[in-house]
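First the structure, in the form of structure tokens, and then the observations on it.
Chains here go by letter, A, B, C and D, matching the order in which they are written, and residues are numbered from 1 within each.
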Amino acid sequence: MAADLATVMQIWFAALFTVWIYSIAFRDNVFFKFAEHTFVGAAAGHSLVYGIDNVKRYGWTPFTQGASLYAVVFLLGVLLYTRYHKSYFWISRYPLSIMVGLGIGLSMRATVKAEFIDQIISTAGLKVLGVDAWTGFSNLLFIAIVLAVVYYFVFTFPGIHGGRLGVISKFARYGMMAAFGYSFANTVLSRFNMIFGRLDFLMTEWLPLPGAMIAMPIVLILMVYAMIPAENRPWPKPT
Amino acid sequence: MLVEGRMFALGMLIALWVLIIGSMEMSKRKLPTFRKLSGLEALPEMVGRAVEMRRPVHFTTGLGELTGTVAPQLVAGLAVLGYVSELSAKYGARLIYSVYQSQVMPLAEQIMREAYIKEGKIEQFDPEYQIRYLSGEQFAYASAVQGLAERERPAANIMIGPFYAESMLFAETFYRIGSIQLAGTARGYQIPFFAVVCDYLLIAEEIYAAGAYLSKDPVQIGSIRGQDVGKMIALVLMFVGVLALALGSSDLINLLKR
Amino acid sequence: MIMKEQVKEKTILEKLEDVPREVLYGLLLLAFIIPMLNPIGFPVPTSDAVKKWYSTIDALPKGSVIMVDFGYSGGGEPELGPMAVAVYHHIFRKGGLKVIAMSTSIDGPLLWDKAMAEVKPEQYGAKYGVDYLHIGYIAGGETAMAAVGKDLRATTSTDYKGSSLDQYTVMKGIKDAASFNLLIVYTTGGDQSEGWVRQWYTPYRIPYLCAVLAMMVPTMLPYQKAGQIVSLVSGAQSGEMEFLVKVPARGIKSADVITVTHLLVIAFVVLGNIAYFGKKAKGGG
Amino acid sequence: MSLIIRRQIPIVIVFVTAVLVMTDYFLKIPGTGPVVRDLQNWGVILTAFTLGYGAVNLFYLHTRHISRRTPGQWPFSIWLLLMIVVFTVVGVTYGATSKQYSWMYNSSYFALSATVYSSLGFYMTSGVYRTLRPKSVESTLLVITGVIALMRNAPALAVSAPILISMDSWISSIPTTSAQRGIMIGAALGAIALGIRTMIGKETGFLGRLTEAEKGA
């Protein structure tokens, strides 16, 4: 029974937080503020918990098994927090510089291949001739848009955008706008899926619980009340 | 020693290194000129219109920190803020800058003060009114900007920097109150929302170019110059590759794969 | 008479353009709730990307090892959760495959538990530690991917619960990226979906199946075109995957709601434009 | 001297680490492999340490609200800090994947984050209603591709009019992919340039706050 009670309580909390967060779409109110602060606090707590978990599992465990070099990492990790000290904050730059160097090295060595050369290879490998007319046209358009967009982002050679050549930039913008329209529609889809997820939770898990159908209107009325500006509320009087 | 399949990439990386550092050095001697950025060209007119309508100009640099990965976007936004401050001082517009990062406030104040001094209008600069720290939390900041928009009804709204989910909210709110808008971000997911709503748009890399152009910093400008040459290399490789393939040769592609 | 009519129409158009957002939100909520109360059972189309994803897993020989990044956040769970569940059904039902999961998202381990509770691997005879395993959240984004790719066992010696990896038979012979035959990524972060291309596909050429939020698909498309990703799908296509795997769940259920809400949005576009252009025509003419 | 310790050496560390990581990838010099492996594992642990930054920042900010009794804010600040403490205590004592912690996560953080991001769907709807207007050639193109994709994304519509699927897949594979690729090539160069600037100490955002000496310089 105890486990059941825990589940029921979990659903109630989750449901209330869901409804309270949605209320911001209509107007700011105290319930939203409460939910929002819970969110921010929980997020910080959650990442702290997983930070500790990671330090323990990836650092402490090998250290206890004899990898004594990890003591240095712990020291560096603690030094990261000198950033909050008024005069010794610069010490945190040492561990940070290792992280930054790693990040740059890992990203640069792969970016030049994955996002530059491989993209060039893939574009240059498109066939315009020797395929059916529609594919040929599509590939030609594809190549034209890639070239035009890269051309568009050349900034310091103003000559290449002057006069009739300006048409290339215009074409590039057309291509990008078509792409943005597609992205826009996909974002709508993503957000709606998320709303569906929450409403599905409310309707299939919360509302069937005993008392939920009675509680829901009360929750909504309280929320609407909280949306009324304080000076217009009959109670409590603003201080 | 050399790894098969990674040689061309290594060569390209070294070439880019030389190119970018070389153009930084060259820019110290002579700054290269920039192409027209249609978004920036619209700014004087936007500020002028706000003066005519006796309504303020609103500016935001979005979220992010000066120390994170999106810092370059924030820096670009601040460079544009400097320019808009100059324009506002010149035409006598009321400029309001909504701040998300408290660490940016002293920097922003300095930038804006210098702009007003440059235009000889320092007496018009009112940091209390013009620089508003709204909140350091995303949704609280978003709703505070919304509130500000509805109260002050700015005639122009300029958003340059790293924007997240609040982009659509801002764009729609200012659209509803009839502001002319210029927006730019390099955060790919948010560009479509700005493209849908805003009158003028700086797309992705354009904000860095705008920031560098306005700041006249040889390091930034030189870096952009180097990247431009890199883009031209890409253009040539793609163009020649397509032609060669049409003529039946895939030598270039094989070279790139080495 | 004519004048009066014109004036009246103009105000209607104006009102139409300035409909309070509360009304729009209310209509949207109704468009969600009504089909949820009265399911219509709209059909779902299957796209090539989902079919390709499905057949890639189907074609894996027995004994293949799969790395799964369970990398979505709580916010993306409604979209990517159903996809991950459907794919796990497929993998377990096929049998003979080893699945090692890790998370680049801090929500990953708990959401993985949630997904496993839905999949119930035991119904296919799959056992934790023998057929599948979770090594936990690993901080660092691309650094974590690179670290695991270079030497998994040097990065972690325990699973997500903190038990030693040595005791699990599924880990036998698994050392680094080269031990894997396929990479599956579910993520809500662009840095993650792109990072896997940079840190796993580029150096090790591990075939990569990628599932992201629908809104992230456009920015990932160039990778698919260049062959760096075998197949790119969005979580919004979970219904299609459930259809192929024949385990209908949340994804198919959402089809009704997504259809009705999208029809509403299209109606909004049309109405908004009628109001805008109608007003403009009256005002200008 | 202080400038060297406080600024130059960290930049040198960045440079050396980045070069080492790249050398290991491009040249495979014997001996670099294990060093880079260890460095990467260190990177993981150091990042894990930074996961506490959020909590510390919030403590700074909200203890100030509480001590100043900021009207309308300080009770929420207490609650927020309490949430951090409760999460941490439960997560550390019972374990990050324990039943107790998972209960707490599911009843608050999971529900909240899922809802916060979905609430944007509402704003988008009014955005669509008010702003999707074909005013110029550019915006017309955007509206056309947008509306086609919207129609395709409605599953039932797509099934009844399969032409939508082929139109949508053409839009996605030709104009969208090509425009995104153009942007990607530019952004890749931007990322490489940013990396180079950081390695040679011209981009110092990561240093954080500046010391007095640096401000002078």
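Keep this in mind: a residue touches a chain if its C-beta (ideal position, glycine included) is under 8 Å from a C-beta of that chain, and two chains touch if they have at least 3 such contacts.
All of these numbers come straight from a predicted model, not from anything done at the bench.
Counted as hops between touching chains, the shortest connection from chain A to chain C is 1. Number of steps on the shortest path from chain A to chain D, with steps defined by chain touch: 1. Across the two interfaces under comparison, C-D and A-B, the one joined by more C-beta contacts turns out to be C-D. Greatest Cα centroid separation from chain C: this falls to B.
Taking each chain's centre as the mean of its C-alpha atoms, chain C lies 18 Å from chain D.
A separation of 18 Å divides the Cα centre of chain B from that of chain D. Inter-chain centre distance (chain B to chain C, centres taken as mean C-alpha positions): 31 Å.
In chain D, the positions touching at least two other chains are 22, 25-26, 38, 40-41, 43-45, 47-48, 51, 95-96, 101, 105-106, 109-114, 116-118, 120-124, 126, 128, 130-132, 139, 142-143, 146-147, 150, 153, 172-173, 176-177, 180-181, 183-187, 189, 192, 196, 206-208. Chain contacts: chain A has residues 24-25, 40, 46-47, 50-51, 53-54, 58, 99, 102-103, 106-113, 115-116, 119-123, 143, 146-147, 150, 153, 173, 176-177, 179-184, 186-189, 191-192, 194-195, 197-198 touching two or more partner chains. Looking at chain B, residues 6, 9, 13, 16, 139, 188-189, 192-193, 195-196, 203-205, 224, 231, 234 sit in touch with two or more other chains. By the touch rule above, chain B contacts chain C in their complex via residues 188-189.
Those residues of chain A lying in contact with chain D across their complex are 6, 9-11, 13-15, 17-18, 21-22, 24-25, 33-35, 37-55, 58-59, 69-70, 73, 76-78, 80-81, 83-84, 89-90, 92-112, 115-116, 119-120, 122-123, 138, 141-150, 152-153, 172-189, 191-192, 194-195, 197-198, 201. Those residues of chain A lying in contact with chain C across their complex are 25-26, 46-47, 50-51, 53-54, 56-58, 61-62, 65, 99, 102-103, 106-107, 110-111, 113-115, 118-119, 121-122, 179, 182-183, 186-200, 203. Looking at the complex, you find that chain C touches chain B at residues 190, 215-216, 219. Residues 25, 33, 36-38, 40-41, 43-45, 47-48, 51, 95-97, 101-102, 105-106, 109-114, 116-118, 121-122, 125-126, 128-134, 143, 147, 150-151, 153-159, 162, 165, 169, 172-173, 176-177, 180-181, 184 of chain D are the ones that touch chain C when the two sit in their complex.
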